[in-house]
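Input: one structure, supplied below.
When the chains are written out, they are named A, B, C, D, E, F, G and H in that same order, and each has its own residue count from 1.
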Amino acid sequence: MDKAELNRLLYAVAEGKITPEEAAVKLKTEPFEDLGFAKPDHHRKIRQGAGEVIYGAGKTAEQIGEICRSLVKGGQKNVLITRLDGDKADILKTLIDFNYYETGKIAVVGNMPEPDTEGTVLVATGGTSDLYAAEEAALTAEFLGSRVERLYDVGVAGIHRLLAHTDKIMNAKVIIAIAGMEGALASVIGGIADCPVIAVPTSVGYGAAFGGLAALLAMLNSCASGVSVVNIDNGFGAGYLANMINHM
Amino acid sequence: MDKAELNRLLYAVAEGKITPEEAAVKLKTEPFEDLGFAKPDHHRKIRQGAGEVIYGAGKTAEQIGEICRSLVKGGQKNVLITRLDGDKADILKTLIDFNYYETGKIAVVGNMPEPDTEGTVLVATGGTSDLYAAEEAALTAEFLGSRVERLYDVGVAGIHRLLAHTDKIMNAKVIIAIAGMEGALASVIGGIADCPVIAVPTSVGYGAAFGGLAALLAMLNSCASGVSVVNIDNGFGAGYLANMINHM
Amino acid sequence: MDKAELNRLLYAVAEGKITPEEAAVKLKTEPFEDLGFAKPDHHRKIRQGAGEVIYGAGKTAEQIGEICRSLVKGGQKNVLITRLDGDKADILKTLIDFNYYETGKIAVVGNMPEPDTEGTVLVATGGTSDLYAAEEAALTAEFLGSRVERLYDVGVAGIHRLLAHTDKIMNAKVIIAIAGMEGALASVIGGIADCPVIAVPTSVGYGAAFGGLAALLAMLNSCASGVSVVNIDNGFGAGYLANMINHM
Amino acid sequence: MDKAELNRLLYAVAEGKITPEEAAVKLKTEPFEDLGFAKPDHHRKIRQGAGEVIYGAGKTAEQIGEICRSLVKGGQKNVLITRLDGDKADILKTLIDFNYYETGKIAVVGNMPEPDTEGTVLVATGGTSDLYAAEEAALTAEFLGSRVERLYDVGVAGIHRLLAHTDKIMNAKVIIAIAGMEGALASVIGGIADCPVIAVPTSVGYGAAFGGLAALLAMLNSCASGVSVVNIDNGFGAGYLANMINHM
Amino acid sequence: MDKAELNRLLYAVAEGKITPEEAAVKLKTEPFEDLGFAKPDHHRKIRQGAGEVIYGAGKTAEQIGEICRSLVKGGQKNVLITRLDGDKADILKTLIDFNYYETGKIAVVGNMPEPDTEGTVLVATGGTSDLYAAEEAALTAEFLGSRVERLYDVGVAGIHRLLAHTDKIMNAKVIIAIAGMEGALASVIGGIADCPVIAVPTSVGYGAAFGGLAALLAMLNSCASGVSVVNIDNGFGAGYLANMINHM
Amino acid sequence: MDKAELNRLLYAVAEGKITPEEAAVKLKTEPFEDLGFAKPDHHRKIRQGAGEVIYGAGKTAEQIGEICRSLVKGGQKNVLITRLDGDKADILKTLIDFNYYETGKIAVVGNMPEPDTEGTVLVATGGTSDLYAAEEAALTAEFLGSRVERLYDVGVAGIHRLLAHTDKIMNAKVIIAIAGMEGALASVIGGIADCPVIAVPTSVGYGAAFGGLAALLAMLNSCASGVSVVNIDNGFGAGYLANMINHM
Amino acid sequence: MDKAELNRLLYAVAEGKITPEEAAVKLKTEPFEDLGFAKPDHHRKIRQGAGEVIYGAGKTAEQIGEICRSLVKGGQKNVLITRLDGDKADILKTLIDFNYYETGKIAVVGNMPEPDTEGTVLVATGGTSDLYAAEEAALTAEFLGSRVERLYDVGVAGIHRLLAHTDKIMNAKVIIAIAGMEGALASVIGGIADCPVIAVPTSVGYGAAFGGLAALLAMLNSCASGVSVVNIDNGFGAGYLANMINHM
Amino acid sequence: MDKAELNRLLYAVAEGKITPEEAAVKLKTEPFEDLGFAKPDHHRKIRQGAGEVIYGAGKTAEQIGEICRSLVKGGQKNVLITRLDGDKADILKTLIDFNYYETGKIAVVGNMPEPDTEGTVLVATGGTSDLYAAEEAALTAEFLGSRVERLYDVGVAGIHRLLAHTDKIMNAKVIIAIAGMEGALASVIGGIADCPVIAVPTSVGYGAAFGGLAALLAMLNSCASGVSVVNIDNGFGAGYLANMINHM
């Protein structure tokens, strides 16, 4: 949306041709210049000033670089790039400057902001193999301004490791429970916690794990209240939603 | 947990034998007297004084009646009974007094409380066939103290019916989007709203709907941010979680 | 196998025409007279003297009665009948005498034996809805001579209810963990116990439980060691195997 | 079918030994000389003079080249080659001359014809990742003579981007709606449009997208009328059918 | 939408506050008075004057009757009611007058219109068990003004029965191919026809038919061009779309 | 089984210690010397003198070579090796001598025998992409002594190509129908033929073909009598069975 | 096909307008008079004089009776009716005369013919619960003229019961192996037998049997050669095919 | 857990602040020093002194080396490393000393212990392709102190090869039955054996084997008693459980 379009929109509101709500929706969904090959997708709702997000998978390093430069030119201070694998990151390094978080396959252009929340997003995983999704979730929430605490490798097969951290579970404002294989972590945490629990099934496992299906079904059937589920391996979605709740 | 047990627990805290956190967890999970044939399940976390919840499916009217009487004797003012079909409700009517909400298959013993929240839980459905799950969600949230607004039959095949209510979507604090068949409602609402969206797939549909599987998969793959999913037809879970977020 | 056949078999061994092992296999697999319409199935390995088992589903009350009478005539003291629903039991009552255990849908002709084991089979369930499978398992193990302890409604969403019984879990010689929905109980118990854990997924649940599939997959993917799984709702199989291990 | 065969066929019609309809079917299904290793498949119905189609996947560049030369020798002016990946195209370039459309993995031998339709085929996609299927559809329809309009990256999570083009949707004679993940685009467009909508699920997505299954099921369950579905990623099939309708 | 609303809308167009396209969309989606318990669903796009459609499943006879009376009062001459089983039809008969087509479970209030098309919709089935879906399709197309020809029980296992009707296949303007079990009919017809083929998988069959899944997958994978698919048993959808194409 | 063992076995029969039938079974299942790392699998029943079969997948070229040399040393004239990909064949060429059939990934050590049957095995495929399975089937049947006729690329979308060969279908003694995608070929051929039809689903296709599942389900649901099905891509199994029937 | 049509057909052959093969196909597929509501399906290929088959499921007793009378009037001596449940048989008894075989749900009008084969079809089942499919298979083969031997309740869990009948397995000309649950019977018999084995998975079982899917997959993956599979519970198909092979 | 922590724990027991049972659980679950990047997973319950287990998949050779050195420094004599592929083993060889078992992808640091059991774990496989899982199971049980006997390539298609070893089956204390494809081995062995049978489905096979799903379902539906199942390819889990039972 360029200046001229914006003016037209605002005049329309002023003249009562369009309601303020309609204008608001329009403004939310069209935040920046069209680059020809791609309109920004998935992460449109980030507030201007706070940060912008690029979904890195399926884009070349060159395309990502061009989008970033355009955003920065437009006044954007921070950009989050998700699903950026190592090789692509190496190429991108030659184009723009950023911090790369290898485990979560996330890049941050500009500075990671200081947390602006009282509440904490607790990110818990069943095993160390789930870290890729956990870090995607944690870094997303941090990028959006949340205070984040990590509690990794507390799977239910060693339940006392998890219970040793009951205080963290009870003090969190929202919890992201991440697990593959049988995905039981969400139920156990959901049974202890008083706050919303966002469950992320991961594709960790083999055989009858069926690429995360076992964990997904388990989490959807959780007998604990307050638990909801996002797509397999969708750390970004969980981090985004957790931050949204954390800012309430 | 009877008085004596409670005293023992509190002394244990006082003497440092048990931490306050451990005591809190214990209190949360053991709220009332054992009835022999059943410990209360699923809905354990309802705050004392606000209301208690009984999952009606798989229990006889007699068992439900006995649990209710025990709860009321114990000082409980309001009880929510979910998944109570009409025939069982008729029998239960001969045992205890309650208001029955037929569409949502929900009974409320005592009074439905006045809402104690500023924010609103918006419950939207794709069609009129989804009302059973929608009312289960709405009544659950109301029972727990939430202000609830209903927006029914706004499926995406008539998108302007939904867009006519953009203001409601933008003013809600949390939204429950309920749909069967292709389950697209969650994505469209998620794209407009700024708040958490809890998606409930329903088993409405036939053929390749596969009992709600199509809607479930669609919702898990939503391209909108801020959307999470609960089990097929799980109106209670959505209402419970929405109320939790609404009270933040 | 009648006397004459038995004699022929034993002579064959004596004369070296057949090895003792082959004879043993034959004896194990042909324990009683042929009734024309049915050779006994499923439960062939019960030791003579201890008890015989009839799978009641798919047989008429009359057929079951005839088999029982034949067994008793042949010297069998106790007979276990599984999957015998209430209506069929009522008809069977007019034909033979037995004790009926309604929850587990099990009938015992003759006396339930005193346990002849030091060790204990612990039967644990996630919820009260799983009792039908739990009682099938428990009664089967008791019928075969095992000491059995029941620990019901200790689902993982209220983890401290389970942990309150850590001693039972650690003292058992073998554990049967029974749960529907997300089936996480097996993993949590498997993480605490030192003994074999036999997991029984149940068809309890709705929606994405898919008739026990969610629990089945979760249990197969258990991250705890020492856990193995039987078919959905197969309480008999679990009780049979648990008793076998318990007698070692 | 060579000249002699053709003559025999026509004489047979003239003599009443075969009906004109039977002859027509024969002519449609046997359009060109047998090459030994392959009879032309899939795309047999293209009208002589308009163009011929070769399904490139599973054929070597050499085989494709030989078929093309044979067709051209037989008087064919234009040939469409689908599913021709970049490496194979490079080899094919050394054998014959053609224009290559990389995104849609399509090659056109000869000239892309001018559109000969009044009506327009509108090709819409949910995201930029769906372009490979969209271009396969669009180029196929163009090759067959249709006027085509593209409307890309108008996914339902930003519904006003789509609604900004309501006029295009209402002016199209037939629409191809292409989307992966939750596949909701078909329902929303189907609710606005007055014309047939051909839905193409794509394999875009991850986790519970299950290679396009989620989008496929969603599209089959569309609550909008006038929507039908082709195979996952089958842009050619959609373009072929859309052109057929567009020429009505 | 009542008169007053309509006037307001038209004035808004006249004053340029709303585009004609937006008005058109609004008019299409809000055709009649709100009845409180239900907004009309699924079949919104039927042209005023031609006919209105009610999806009968999940509505009581009383609700259907009330909607019909309201439509007739509003000037509607003909109403189509789909998925109306026999028992419900008997009750409805006591409330309103209509013709009932038992095989297709369809009722028509008012007169079935004379066909207003040159072209013909050919409805073909594999077996006689598929007639329920075929008649739903045929009657829907007839109700909407199409000339319809039926070609039943021409399954591919007796291919010459089908080929005996090659002329009908080649003369149709659009074909609906309906089959359960292996669903091969769509491919064979698609290979002969020059026109669009709409495939309807049915739930006819047993065992590995999996409720229509086998036929659905077969039809989606059809190697014939010009074939698209609707949901299992969705005769209405096919009839609606076929009529749309037939009127082009 | 070496000479000594054979003698022992025959003496045992002579002495009545073992029945002739048991001896026959033993002889059938133990035809050659143990190589330590592998007992011959899958193809045990080939008659001595006719030929031996080795399943090449999952064995190294060296292992295959060693087995072959052992067989030849033992008097075996011909050996069939299945699932031998090109690279492995190249290595094997340096070890032993054989004819390699690339399309069917089959090697024959020694000579392909002259057919010893009156009847013909007809191998038909839907498309050219199915040739890998067709040649595996055809060469297997030929190796075992069957006369084989090939009828390739006669898919049902061009039904007259298939019908042009009605005589071949009616003259065959047994038919192997091979197809991927919608797998309709088996039904159409089964409807014409008077002889057993063995259907082989192939993994040819994409999207909703799900690796051959669509074709497999279609074939299992064939409405034609006389059709049975083997595993996806199992050309060997079909060829083996067809030859067995052909020799009756 | 009435006389006039037949004459026309034969003249056409005589005049060379149609080949004998084409005439043969036509004669095979159109064997009897059209009854208006149904053309005979599924079982078209039964030779005139031998017997006709009616698929009883989905037809009323009245329709079946009318078809039978028509067949008998046309000179048919014997008719086989499959899938005729008990209630329908009772009604049919009031209309026509037949022998009813309850277990296989099969009725035979006229006399069951004497076997006209040297070879034997062996029908084996894993358990007594599989008898419904076994009798459907056995009676079909007998009706078509085959000598049939039954070998029931020889499941692999008591392998010596099966091995006690090795001679029957080795003497059969073709075997039908019928089993539910894990479906292993086909593999074990296939390993012993020298003849074709037709495997019939049954829907017997519960839980992870998934309505016959487990047995179906097991049988398709049989490691024994000479095994092919028909649809779940398709005893008729197996009996038909076995008889076809048995008559070779 | 270091010394100081241990002392604190024991004092807590002495002072009655913590029960002996709780202490026992803690001791079992926290056996060694924290390495920062990973807490030991999966195999926590191995008794100190006997051996420690590392799950090698998903860890780098460097991480594995560091964990091993830490364990050895802590007094651990033997370490078992599972799922260690050849390349990783080569790197690890440069860091620490161990014996590598290629087939089972297992490494043992220190000495493989002498068996300390009377009873035997029998490991049986259907084919040679299953050896990878069989050796994982066998070596795990041996590492934990069990006497192990191997019985490979005794699939049910050659049942007499299996029956030739009836004595081994009857003498084992516990059996691990490993098979892919149709997975029938577990049922046959379960029918012969008197001891617990642990079934391991493998991913061996193709087509409708669906990566081990066919074998998994077959094993879960085993009609033999005493059989339980672990995850596809989970040799370790089976070996662990078998050793546990073997030490009873």
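Assume a contact is a pair of C-beta atoms (placed from the backbone, for glycine too) under 8 Å apart; a residue touches a chain by one contact, two chains touch by 3 or more.
Everything numeric here is computed off the predicted structure, so don't read it as measured data.
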Inset, instruction - Among D-E, C-G or B-D, find the interface that matches C-H: by residue number, over half of the contact pairs should be common to both. - result: D-E
Inset, instruction - Decide which interface, E-F or A-H, involves more C-beta pairs in contact, and give its chain pair. - result: E-F
Legend entry - Separation of mean Cα positions, chain F and chain B [Å, integer]: 59
Inset, instruction - Determine the centre-to-centre distance between chain B and chain E, using the mean Cα coordinates as centres, and give it in whole Å. - result: 38
Legend entry - Chain centre separation (chain C, chain E; CA means) in Å: 53
Inset, instruction - Indicate the residues of chain D shared as contacts by at least two other chains. - result: 25, 29, 41-42, 44, 127, 155, 157-159, 191-192, 207-209, 213, 216, 220-221, 223, 225, 231-232
Inset, instruction - In the complex, go through chain B and note every residue touching chain E. - result: 127-129, 153, 155, 157-158, 160-161, 204, 206-209
Legend entry - chain E-facing residues of chain G, complex: 25-26, 29-30, 37-39, 41-42, 44, 58, 201, 203, 211-213, 216, 231-234
Legend entry - Touching residues (chain side chain E, partner chain D) in the complex: 19, 21-22, 24-25, 28-29, 41-45, 166-167, 170, 173, 191-192, 194-196, 198, 216, 220-221, 223, 225-232, 237-238, 240-241, 244-245, 248
Inset, instruction - Provide the residue numbers of chain F that touch chain E in the complex, in ascending order. - result: 126-127, 155-159, 163, 181-184, 187-188, 190-192, 205, 207-210, 213-215, 217-225
